[in-house]
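Chain IDs A, B, C and D follow the sequence of writing; residue 1 opens each chain.
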Amino acid sequence: MPLWLFIFLAVIAICGAFGVILQRNPVHCLLALALTLIDVGVLFVGLGAETLGFLQIIIYVGAIMVLFLFVIWLLNLQIEPAPNAHLALKFFGSIGAAALAAELSVFFFNAQPVSGVATIPGTYGSVESLARMLFSDYLVAFEVTSILLLAAVAGAIALARRMTGAALTRTPVEGEGVVRARESGS
Amino acid sequence: MITPIDYFMGLSAVIFAIGVAGMLVRRNVIVMFMSIELMLNAVNLAFVALGRRVGSMDGQVIVFFVMTVAAAEAAVGLAIIISLYRGRETLNADELNLLRW
Amino acid sequence: MAIDLLISAIKAIVVVLMVLNLSGLLLWFERKGSALIQDRIGANRAAIFGVGRRLGLPNVGLMNTLLADPIKLFTKEDFVPNGADRFLHSLAPFLALFPVLITFAVVPIGDVLEIGTRRINLEAANPGVSALYVMATLGIGVYGVALGGWASNNRWALLGGIRATAQMISYELTIGLAIIATVVAYGTLNLQQMCHLQGGVWFGWLPRWGILIQPVSFILLLTAGMAESKRVPFDLPEGESELIAGYFTEYSGGKQAVFMMTDFAEIVLVSVLVTTFFFGGWQVPWLYPNGFHFPGGAHLGLPNIVVAILGIIAFWLKTVFFCWIQILIRWTLPRFRYDQLMRLGWKGLVPLGLANLVVTAFVVVAVGAK
Amino acid sequence: MTQHFPALGLILLFPALGVIFNLFWGNRAGRGVVNFVAPTMIFLSFAVALWGLVELLLMPAGTVLEFTLWRWIEAGSFHTDIALRFDALSAVMVLVVSGVGAFIHVYSIGYMAHDEDYARFFMYMNLFEFSMLVLVLADNLLLMFVGWEGVGLCSYLLVAFWYTNPEFAYNGRKAFIVNRVGDAGFVLGILTIVTTLGAHGVWTLTFVGMRAHAGLLEPVAAAAGLLLFLGATGKSAQIPLYVWLPDAMVGPTPVSALIHAATMVTAGVYMIARLNFLYTLGPEAMRVVAIIGTLTSFFAATVAIVQPDIKRVLAYSTISQIGYMMLGVGVGAFAAGIFHLMTHAFFKSLLFLCAGSVMHALEGEQDMNRMGGLRRWLPTTWATMLIAALAISGIPPFAGFFSKDLVLESAFVSGNTGLWLIGTITVGLTSFYMFRLIFLTFHGQVRVAPDKVAHIHESPRVMTIPLMVLAVFATIGGFVGLPDGLLWGNAFQRFLTPVVGSGVAHPAEMPGVSVGPMLSLVALIVAATGILLAWIFYIRKPEIPERLEESLRAVYRILIRKYYVDEIYNFIITRPLFWGSREVLSRGVDTFVIDGMVNGTGLTVEESGEGLRKIESGNVQHYALVYLFGALMVAAYYIYLVMR
C-alpha cells in the first residue's frame, strides 16, 4: 500500500487508540475502539489479507463491539468521575508502556531480513487459500475453537443469568459480588 | 512508494503500548477490557504483517484464531463483568479488590 | 491514470445519486401507494402556481414528496435536546446512512461497458470478496441507530436504539447465512462473478437465475433485509404506538430526513442485493454479450453499448420492482410483537438458514458444482 | 524342564477378586452374598490348583509350570519379575493352603454368623489366602518376601480382629512386632544373597538362578541360612520368637486354624525346604535349625501339658509340631518336613475347628476346667476331634503317624540320635496333652457353668461338614507317604524329590535290616503310653493331677507360667526399649530437635507470609504493572542479546 495511505491510516489508528484510553465516556471509548478496529481491518486489506480484513470488521465491529455497547447500556455507565490519585500508577504505567513500545520497535526494526524478497502467491489472502490452510494444517485447532465458542456461550449465559429476587433485593456487601456470581453460575 | 513491512510492525508496537497504558491507567473495568482488545489487535496486525513479510498464510490463520478466541473471551468476560456489577454495584477496579490480604 | 480516477469518481457519484433519487422516489411510491391500498387519495395538493391544473394534468403529488417535504424537512429547526451528547447526536444519522451508501460501491449495476478501447466495469469498486464487504458494511450500519438512540438522552430513544440494535444484529445473522449459502452455491464471493454465473439458460429457455437454486436463501434475505430496514412489520424500534418514534424521537429537520433517507436507502439496498444474488443482477433473459439468443433459436445481434445499457436498465427495473414489493408488504402486514420478532429471528430464520446452508453444502459437494 | 501355564494367574486372581468385592461391596451386598462369594473364590483357586497338579502329574517328573506376569523391578543390572512357579513343592503347599483354607472359609460362615463385621472378616481372610498363595507360588525370593509380609499383615489384622478389646489389639501388635524382628533377619538374608551373587556379576533372586549359581553362595551359605532362619523363627513361632503365637489365639478360631496352625506358621518350613540347596551348602545352619526345632517342640509340649486354656494348648501343640518339621528339614529330610507340614495342616486345623465348635457351643468358654462330658451334646465334634488327636499323637493308620515317623526316622538315620530321643519323648508328651484335652473336654463329669448347660448345642452343619471333610483327610492323608517297601511306598517323597532332593540316605552299615519299623514301634509305644497316662490321670483317678501339682509345685508354676519367657523378654528387651523411647527419644529428641525443626519451619513461613502479604493489594492493575515491568526486563535482555 502506498506510504501516504499508510501514514493516514496509522494516524487514525493511533488517534483512535488514544481515544480509547483518554475518553471519559465509555461509549466514546467504544466508538474510538471501533474506529481503530475498522482501521486495522483496512490495514489488513492493504497487507493483502482481504478476507481477514473484512472478517475483522464483521466480527469485531459488527459483533464484539456491539456486545460491549450492550453491556455499557445494561449497566448504564455514566461518565466516570475525575480519576482520583493513583498518579504513581499512571506515571509508571505510562513510562512502562512507552518503554515497551520502544523495545518492541527495536525488535521489529532489527528483525532478520528475509532471504530475498518474499514471493507472494497470487491467491495470497484469498478465501480459498485461507480455507485450505484452516481445513488442512489447522483442522484440529479449528474444530477445537468451535468447541471453545460453544463453551463460551454456555459460560456467558450461566454467568450473566439473572439470579433469584432474594439475591437482588439484598444490599451488596464486601465479597458478595463474587459469591453471587458463582451462585448464578451454578 | 510502497510501505515497508517494518512500519506496520512499528504501528502495532505503538498500538500495543497504548493498550498496555490503558490497561494500567483506566479504572473502569470495561475500558480495561477494551484496552485488552486493543492489544489483541496490535498483535493481529503484527501477525499479518510478519506473514506478509515471509509470504506465508500462517500469520493470517493465527489471526483468525485470535479473533475467535477474542469473541469467546469477550462473551465470558462481559458476562463476568455483569455479574460482578450486580454484586458490587461498581466497576471501579480499585474497589474490586476482594483478593486483598 | 487521471482518466481512470475520473471514471471511478463518476461511477461512485452516479451510483450514489441513483440510490438517493430512488429513495426519494420511494417516498412518493410510499405515500401514493399507501393511499391506494387504504383507498385514500393521498398527496395531491402541492403545486407551483397550479401549473399542472391549468394544463389539466392530474396532480399525482410529486410536488409534495419530491419538493415540499424535503424543503419542509431541511428548513425545520434542528433541535438537540438538553443533556444530549451533542457530538454523537449529530453524528448518528450520518453514521446510519454512510454504511448503506458505501455498500452500493461493490454492486455491479451492469456488465463491462466498452467505449472505444476502454473497458469500464460497471461497478464502483470490485474487491475479490465483495460479499464479505457487504456483510461488513451491514454490520457497521448498527451503530448509527444505536448511538442515535443513546445520544438523545431520552428513555424512549434509548429503548428504541436498544431494540434496533438487537433486531439488526439478530437479523444480520440471517442475512449472513443466506449470503453464505448463495456464495457456496455459486462458489464465488464476488458479486460481479455471481451475475456472470447467472447468465445463460437451462433447457434452452430457462434463465439461470439464483432464485432457482437458492429459493430459501431468497426468502431469508428478503425477510431479514426488511427487518434490517426497520419498517413494518419489523418497525419495533420506531414503534409509534409505544415509543413515540423510537430512536429518532429526539430528531427533527435534516437529521431526521437523513434517518428516513437511510430507511429508503436500505430498502433499495435490500432490493439490490436480492436482485444481484437471485435475479441475475443486470442479466436480461436470453441476452448475451453479442445480442439476444431467443429459445426458438432466433438471433438478434446487438452492439456492446446497447447490451450494457439494456443490462443497466434491467438491473434498475428489477430493483424498483423489489422496492415496490417491500412497500406493498409494509402496507399490508400488521406489526410483530417484540418477542415474536425475536422468536422469528432466532428460532425461525436462523435454523432455517443453517439447514439451508448445510443442504446447499451437501449438494455442492455431491454435484461438485462450481 | 519348564512349561508355560497361564492358569497359575487364576489361582491368585480369584482371592484377589474376593478381596476387592468384599472390600467395596461386601457390606452393601449383604451377608448372604459375602458368605457365598468369599469361600467360592477359594474353592475356585483350589480347583485351578488341582488342575495344575494333574498337569504336573501327567508330565515327566521334575516338570515345572511357570507363568510370568510382568517385569516388576528393574534396577541397573538387577531385575526381577512377578513370576509364578508351580513345582511339586509349591503344588503341595498351594493345595494345602487353598484346600484347607476353603473348608475353613466354609466353617467361618457358621462361626461368624453372629458377627456384624463379616465383610471385613472375609476380606481379610481372602487377602490372607492371596498373600499366602503369592508366598508359595513365588519363583523368586523377593516376591516370596512380599507374600511373607502380606501374611504377616493379615495375621495382625485378624488377630486384632475384635480391635475394640484393648487386650486383643495389644496381642495383635505383639504378633506384628515380633514378626518384624524375624523379618529383619529375613531381609538381611536376602541382601546377603544379592550382594554375594552380585559381587560375581550374577544378578538374580529366582530360585532357579540361585540354585544354578549355588557354588557362589558357598561361603555365605551358613550366614544367609541363619539369617533367613531367623525370619522363619519369627513366622513359624520357634525359639526365641515363638511368644506371639499363644497370644495370637485371641483372634477368631477359624483364623487360628487357618493362619496360626495350618498355613502361615509353616511358611518358615516351606522357605527352608524351598532353599534346600542353600541350606545343604551350610551344614551349620541346618544343624541350628534341627536343634532349635527339637528344643522348641519339646519345650512347647511341656508347656502344653498344664495349660488350662483349650486354644493355648493347641497353640503350644502347633509350636511343638512345627518344631518337628524344623527337625525334619534340619536333618535334611525336606520331604519329610513338608509331609508332616501337610498332615499337620489337616489335623491341626481340624483340632482348632473342633475347639472352635466347642467354644461355639459354650458361648466362647475356653477354660477346660469348665467343660467336661460334652461328648453327649457334641457327638460330631467329639468324633472328629478324637480322630485329629489320634492323628497328631501318631497312632496308625492316621496321618500323623507316617509323617512324624518319617521325620524321627530321618533324624535317627542321619545320626542325630540325641535329637531323635528328644523327639520321641515329645511324641509321648504330645499324645498325653492331646488326650488330656480330649478327656477334660468331652469326658468325665460336666463342669460347665449350670446356666450354660441349658443351651449347649451341636454346631450347625455348615460347621460340622468341614470338620468331617478334614477328619477324612486327617485319616487318609498319610497314605501318600507310606514307609518304603510298603504298597506304593513313599510316593510323596518321590513326588518331591526333583525339587528337594531325596531324603536322608540310609547309612550303609545296617545292610538288609531297616531301622524304620523298629523306630516306628518305639514311637508307637511311647505315644500309647502317653494316651494311657492321660486316661489314668483324667478319667481313672482325676485326683492325681492335683496331687502332682502339690508335690511338684515349683515345676508346675514354671510350666503354667510358660517358663516366664514373657516376663524375661519383658525385662530384658521391652522395658529398656520403652524407657529409652520415652526418656531419650520422646522427651529429648522429639521434643527439642524434631518439634524444634517442624515448628521452626512453620514459624518462619508464617512470619515471612505476614510480612510479604502486604504486596497483595488485590488491585489488578498493580499486578499488571509488575507484570509489565517483568516483561520489560525479559525484552531488555533479548535486546541485549541482539545488540551484542
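Going forward, a residue touches a chain if its C-beta (ideal position, glycine included) is under 8 Å from a C-beta of that chain, and two chains touch if they have at least 3 such contacts.
Bear in mind the structure is a predicted one, so any value in this text is a computation, not a measurement.
No other pair of chains shares as many C-beta contacts as A-B. Each chain gets a centre from the mean of its Cα atoms; for chain A and chain B, those two points are 4 Å apart. Centre-to-centre, using mean CA coordinates, chain A is 31 Å away from chain C. Per-chain CA centroids place chain B at a distance of 72 Å from chain D. One simple way to say how far apart two chains are is to compare their mean CA positions; for chain C and chain D this gives 96 Å. Within chain B, contacts with two or more other chains are made by residues 20, 23-24, 94, 96, 98.
For chain A, the set of residues touching two or more other chains reads 51, 55, 63, 89, 92-93, 96-97, 100, 104, 107. Every pair of chains meeting the touch criterion is listed here: A-B, A-C, A-D, B-D. By the touch criterion given at the top, residues 89, 92-93, 96-97, 99-100, 103-104, 106-107, 110 of chain A touch chain D in their complex. Residue ranges of chain B in contact with chain D, taken from their complex: 20, 23-24, 32, 93-94, 96-101. On the side of chain A, the complex with chain B involves touching residues 1-3, 5-6, 10, 13-14, 17-18, 20-21, 26, 29-30, 33, 36-37, 40, 43-44, 46-49, 51-52, 55-56, 59-60, 63-64, 67-68, 71-72, 74-75, 77, 80, 83, 86, 89-90, 92-94, 96-98, 100-101, 104-105, 107-109, 111, 114, 118-121, 124-125, 129-130, 133-134, 137-138, 141, 145, 148-149, 151-153, 155-160, 163, 168, 172, 174-181, 184-185. Those residues of chain C that touch chain A in the complex are listed here as 85, 88, 127-129, 132-133, 135-136, 138-140, 142-143, 146-147, 150, 158, 162, 165-166, 169, 172, 176, 189. Chain A makes touch with chain C in their complex at residues 25, 27-28, 31, 34, 38, 41, 45, 50-51, 54-55, 57-58, 61-63, 66, 69-70, 73, 126-127.
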